[in-house]
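Labels A, B, C and D are assigned to the chains in the order they are written; within every chain, residues are numbered from 1.
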Amino acid sequence: MNVYYTGLFVTFLINVLCALSVYVILKSGQISVGNAGFMAVGGYVAGILSTVYGLGIPASVAAGSAAAALCGAVVGIPALRLKGTYLVIGTISFTAMIRSIAQVLDITGGAMGLKGMKRIGILWIVIFAVLVIALLFLFEKTRYGLDVEAVAADSEAAAAAGVRVILIKVLSFTLGAAIAGIAGGCYAHWTQYIEPSDFSTSVSTMMVLPVILGGRNRIAGAVLGAAVFTILPELLRFASVWRMVIYGVLVIAIVIVKPDGLISGRKRHA
Amino acid sequence: MKKLLSVVMASCIALSLCACAASPAAPTAAPAETESGYKLGVAIPLSGMGSSAAKMELVGITMAVNEINEAGGIGGKKLSFETVDTSGDPKEASNALRKLASENVLAVVGPHYTGEAEVCYPIGDELGLVEIALACSMPGLSDGYQYGFRNIATEDQIAEKVLKKWVEDYDIKTVAIISDVKAAVAKSIGEDILPGMFADLGVEVLTLQSPVTYQTGDVDFSAQITKVKALEPDGIALGSLAGDALNIIAKAREQGLKQPFVGTAPLLEGVLDKKGGEDTQGTYAGSAFCLTPESEKAQKFIEDYRALAPTMYAEVSSDPLHYCANAYDAVYMIAEAIEKQGVSGAAADVKTDRDLIRDYLAGLKDFDGVNSKGFDENHSGIKDIYVLKIEGDQWVVVE
Amino acid sequence: MFSQQIVNGILLGSMYALLAISYTLVLGVLNMLNLAQGEILTAGALVACAILSAGGSMPAALFASVLVCIALSLLVEFFCLRLPRGDTQVVTTIAMGMILQNVYTGLWGSESIKFRGLSSGFAIRISTLEFNATQILLLAITAALMIALSLLIDRSRFGREMRALSDNRTAARVSGVNIGRVTVLTFALSGLIAGISGVMAGMVFTSVTAFTGGTIGDKAMVAMVIGGTGSAFGAGIAGIILGIVEILSVGYLGAEYREIVVFPLLILFLWLRPSGIFGKGRVERA
Amino acid sequence: MLEIRNLSQYYGEFCALKDISFDLGENEILGIIGQNGAGKTTLINSITGLGGRPSGTVRLDGTDILGKRPDTIARLGVARTFQNLRIFRGMTVREHLLVAQNRKLSPGRKLLPNFRNTEDAGVDALLEFFDILRFRDDDAEGLSYGDRRRVEMARALAGSPKLLILDEPGAGMNEQESEVLASQIREIRERFHTAIILIEHDMSIIRACCERIIVLDHGQKIAEGSFEQIAADREVQRAYLGEEDA
C-alpha cells in the first residue's frame, strides 16, 4: 500500500480506538466529552517512557493506557454525581486541566510539545485495535455486558435488580479511558510529535461524533462512524476553507435524520 | 426489515466514500499534467490560521512555474505542481506529505509553520522526499535532517541586526520583553534569543526575574500591559506572532505607553503595517525581503506578483511578504537542481531523482534568487537581512 | 499596580459575566448547554466591526450585532434543540459552533481586525486608577443587565414561565405554559445579550478575530457553573470573580498558569456544589 | 424476617412517613392499603434504599439495611416491582430476567460469554409461570401493559429473593385478570418461598391473598390486622369514607 493510504489507514485505526473509548462510556449511559484528556495522558506517558526511559514502544503504549485508565477511575467517581449536561461540562474541564498541566510541566515539553518518539509499527496499531474490538465484542456477550445495558436503560431499576450500578459506571469510565490511552500512545508514536493543542475540546467532540453518527449501541456503529470521519476530510479537501463548514452541516443533518445512527439494530444475547 | 434497510444503507455509504477517496483531489490552478513533465508537491495551510500567508505563497509558486514553462520548461519538459491544504495542523500536514509522496512528486514546497515542520521533517527523511519549509524560523529546527530544508533565515540571524539598529536609533538602556508561551517560534524568540542579545548589547532586561507572558490568540492583554507600564522601560521587545503583536501594541497605546516596539520576522506575517495605524508607527522588525529592493530581479518579482495576485485571490494583500519570495525562489531552486542534476522525471527512477535534488540543494550556496542565496550546513536559508520600520502603512528599509 | 490589575480583572470578568448570563439562561431554563454561544458572540463582534470600519455609527453597529446574534440563536434553537433528540443536542451545538467558526475564517480570514471603539477621550481618574469610556460603559451595561435579568426572571410573567419550565417541564406544560414560545424567547434573549457582549468585546479588546468568542465562551461556561444555573446574578458575580482570578494569575504567575487555576476551581464546584453559589435550579444528579 | 421500628421520612419540612413499625414473618403475605398519597410507595422506597434519608431501624434477618444503597439491599434478597413500570428500554423479556439472575452468579461465571446454559431453565420456568414465555425474545417495551407488569414480576423473582415487594401489581387489570393475579401471588409464596409485601387498591386481591393488612393514612399507620378487623375499624372507615362525625 503506498504511503498516503497507510497514513490514512493508521488515522482510521486511531479514530476507531477514540470512537470506541467514547462508545464504552456511552454504553453505560454516561456521555463523556473529555476523552481527549485520557488520550493526552496516554500519549504523554507513553511518549515520555519511550523517549526519556527508552521503554519499548508497545510496552510504553500499554503503560500509557494504564495511566489513562487510572485517570478514568479518578474522573469516573465524581462523574457519578453528575448527569447529562453537567457531566459534559465536567469532562470538558477535565480535558482543559490536563492540557494546562501538559503546558506547564517541562517533562511534557510544555507548549513546545513532546518530540523524538520513534515510529510505531503499523502492525502494532492493528494488533491494539483488533485486540480492543475483540475484547469489547466478548465483554458485551458476558453478563457484565448485560448489566451495563441495564444501567444505561434505567439505573434505578437496575439497582433494584441487584446490579452494582456504581461499579459498572466507574468500570465503564476506566475501560473507556484505557482505550483512549491506547489511542493516545499510538498517535504519539505515529506523528512522533504531540503538543497540548492536539487534545483540544474539538478533538474530544471529534471522538464523540462518530459514535453518535455510526450508531451508539453497536461496536460496528462506532467503527463505521470512525471510517466515515476518516474519509470525509480527505474527500472534502477540495473545499479547503469551507471544508469544516460542510463537515458540521453533515453532522447535524445525520443526527436529525438518523438519531440512532447509521447502524441502529440491537444485538441479542446468545 | 428495518434493520436490513439500515445495514444496506450503511454499507452503500461506506462503499461510495471509499470509491471517491481513491481519486485524489484535483490540483488547483496548475497547468495540465503532461505525461513526461516534472511534478512538484505543495503543502501549505490554505485554510485555518495561516490561510492569508499561504495564498501569497501559492501566487509565488504559480508565478515561478508559469515563468519556467513559458521559457520552454526544463530541457523542453513542462513543470507542474499539486497543492494539498495542511490547514496549519501537524497531523494534516503529515497526511498531505504522504499524499504528495504517493503522487511521485520530485520535491515538496512546504510546510509553512514550525509545528508542521517538526512533524514533517522526520517523515520526509523516512520517505526520502525533499521539503523546503517556508515560514519556520525557529533556530535549530532543520538541524540533522537529510531531506528537510527551509528557505527562511533563522530568528537569531534576523534579531542580531534588528536589535542593534533599534537600540542605536532609540538609545535604549532598559527593555521589557513580552513573550508568547504557546507558539513555538514566538516562545523561543521571547525566552531564548532576545534576553541574550540584549545582554550582549549592554541593555538591561527588566523582565528577567518575572517574565511577562501570554498565550497565542489571547483576547485580553491588560494584565501584561499594566505590568510593563509599572516597569517603565525605554523600549518593549515582542516575542510574538503578528496577530498578537497588533493587539498588544493597540492595548499599550490605549493605556498610554509611548515606548517603541521591536520584534523579528513573525511581525511581518500579519497586517501590523496596514492595520496598525497610529499605534504601530516606528516599530522595528527584520526580514529577508523588502518592498523597495535594489536588485531589479526582486523589483520585477513584485510587479509580477501585483499583476497575478488579484486574479487568483480577491482578498490577498497586494504587497508580497517574504513567504511569497521564499516560495518563488524554492521553485526555482528545485528547477535548477532538476536541470543541473539531469533528473529524468520518469516514474521509475523517482527515488534517485529525489536524492539528486537533495544533494544539489545541500550544496547550493550561490543561488541568485529574489531573496535567497541557498542553504547553510543546517539546511536553513542563507539570506541578506533587511532592518525594517513601519512608516505610514508600510514596512520601509532602515538605512 | 495591584489595584490596576484588579480593575483589569473586573473588566475581563464582566466580559465573562455577560456571556455567562446568556449561557445560564438557556441552561437554567431548558437544561441545554449551547456550546455555540461563544461563536454567536463572535458574529456580533465581527458584524459590528465591519459596520464601524465602513464608517457606520456605534448604535447602528450595536443594532446590527444584536439582530445577527438573535437570528443565529434562533437558528441554533431550531437545528440544535427542536429537531434532534435529547442527548444528541450537545453534539449538534458543538457542530454548529464549528460551522460558525469556519464561516468566519472563510469570510474574514484568521487575522485580527482592529475594532474602532469609542473615540471619546473621556476618562475618570480615581487616585491611581484610570477608567476610560469603554470600561465605564462595560461596567454599566454588565450591572444593568444583571439587575434587569434578575428582575425579569423573578418578577415578570415571562420570568415565572421560564422558572416553571426549568423546574418541571411536564408540570409547566400541564399548567398552560406555552413551551414553544418560552423556549424561543429565552434563546432570543440570550442572543440579545450575546449581541451586546460581542460589541463590548470588540471595544474592550480593541480587536476582533474569528476565535474571540470561543476563548471567552469556555471561561463563561466555567463562570456559569460556579455562579449557579438559572441565576443571572450568580453568573455575573462568578464571571467577575473569575476575571480577577485569571488576571492575577497571569499578572503574577505567568500566562501558562491561567488555565491551571480556573479549571480545578470548576471541577471543585461541580463536585461539591453543582448548583453553584446562587444556584436556584434543582440540579439533576446521579 | 423483617423488623421495622419507628421508620420516619422527611422531605424538607414535609413529613412523608411518621414513626411506622411492623414486622413480617417468613413466607407471610402482608397487605398495605391506603388512599393515594398515604405514603405506601414512600414506605417501600425507604425500605429498598430508593427513598431519601429515612430515620428509625429496618432489619432484614437481623442485619440493618436502613440507608444502604439500593443494589446492596437487593443483593441481600429484597426484590420489588414499580408502581410506574420501570422496563429496560431496548432489552428483550429474557434479558430482563438474566439481569436479575446475574446477582446470584460469581464474578467468574459472569465473565464467561453466556452461551445457552442451565440458568436458562429457571428463566423459562418463570416466563411459563407468568404466561409470557411466547414473548421470550421480543423487546419488552412493545408488550401490552399487563404483560409488562408480568415481566417486572418475573424479573423480581428471577433473583430468587427472600422478600418480594409488589407495588400495585393489579393496577389496570380487569376482574378476570385480578383473580389470576391473586392465585399467582399465593402460589409464588409456596413455589418460590418468599415473604411478600403487597400494595394494592383492589380489595378483592387483598382479601384473597393477605393474612395481615396495614392501613396507612397521611404517612402514619392507623390500623393493622386481618381483613375483617380493619374493615370494622372506625379509623379506617373515617380515612376511606372521608370526614364524618361518627
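Descriptive notes on the structure:
Here is the rule we use: contacts are C-beta pairs under 8 Å (C-beta built on N, C-alpha and C of every residue); 3 or more make two chains touch, one makes a residue touch a chain.
All values reported here derive from a predicted model rather than from experimental measurement.
Taking the mean of each chain's C-alpha atoms as its centre, the chain lying closest to the overall protein C-alpha centroid is A.
Mean C-alpha positions place subunit B and subunit D at a centre distance of 73 Å.
Per-chain CA centroids place subunit A at a distance of 41 Å from subunit D. Chain geometry summary: the mean Cα position of subunit C and that of subunit D are 49 Å apart.
The centroid of the Cα atoms in subunit B and the matching centroid in subunit C are 36 Å apart. Taken residue by residue, subunit A touches two or more other chains at 103, 110-111, 241, 243-244, whereas all remaining positions touch fewer. Residue positions of subunit D touching 2 or more other chains: none. Under the contact definition stated at the top, the residues of subunit C that touch 2 or more other chains are 102, 105, 256, 258.
Listed by label, the pairs of touching chains are A-B, A-C, A-D, B-C.
Those residues of subunit C that touch subunit B in the complex are listed here as 1, 4-5, 8-9, 11-12, 15, 102, 105, 109-114, 132, 201, 204-207, 209, 211-212, 215-216, 247-248, 250-252, 254-256, 258. Contact residues on subunit C toward subunit A in their complex (touch as defined above): 27, 31-33, 79-80, 83-85, 87-88, 90-92, 94-96, 98-99, 101-103, 105-106, 218, 221-222, 225, 256-260, 263-264, 266-267, 270-271, 274, 283-286.
Per the touch definition, subunit A reaches subunit C in the complex via residues 31, 33, 78, 80-86, 88-90, 92-94, 96-97, 99-101, 103-104, 110-111, 155, 201-202, 205, 208-209, 212, 241-245, 247-249, 251-252, 255-256, 259. Partner subunit B is touched in their complex by these residues of subunit A: 2-8, 11, 103, 110-113, 115, 119, 191-193, 195, 197-198, 224, 227-228, 231-235, 237-238, 240-241, 243-244, 258, 262-265.
Subunit B contributes residues 47-52, 181-182, 210-211, 213-215, 217-220, 222-224, 226-227, 229-230, 242-243, 246-247, 250-251, 254, 270-271, 275-277, 315 to its touches with subunit C in the complex.
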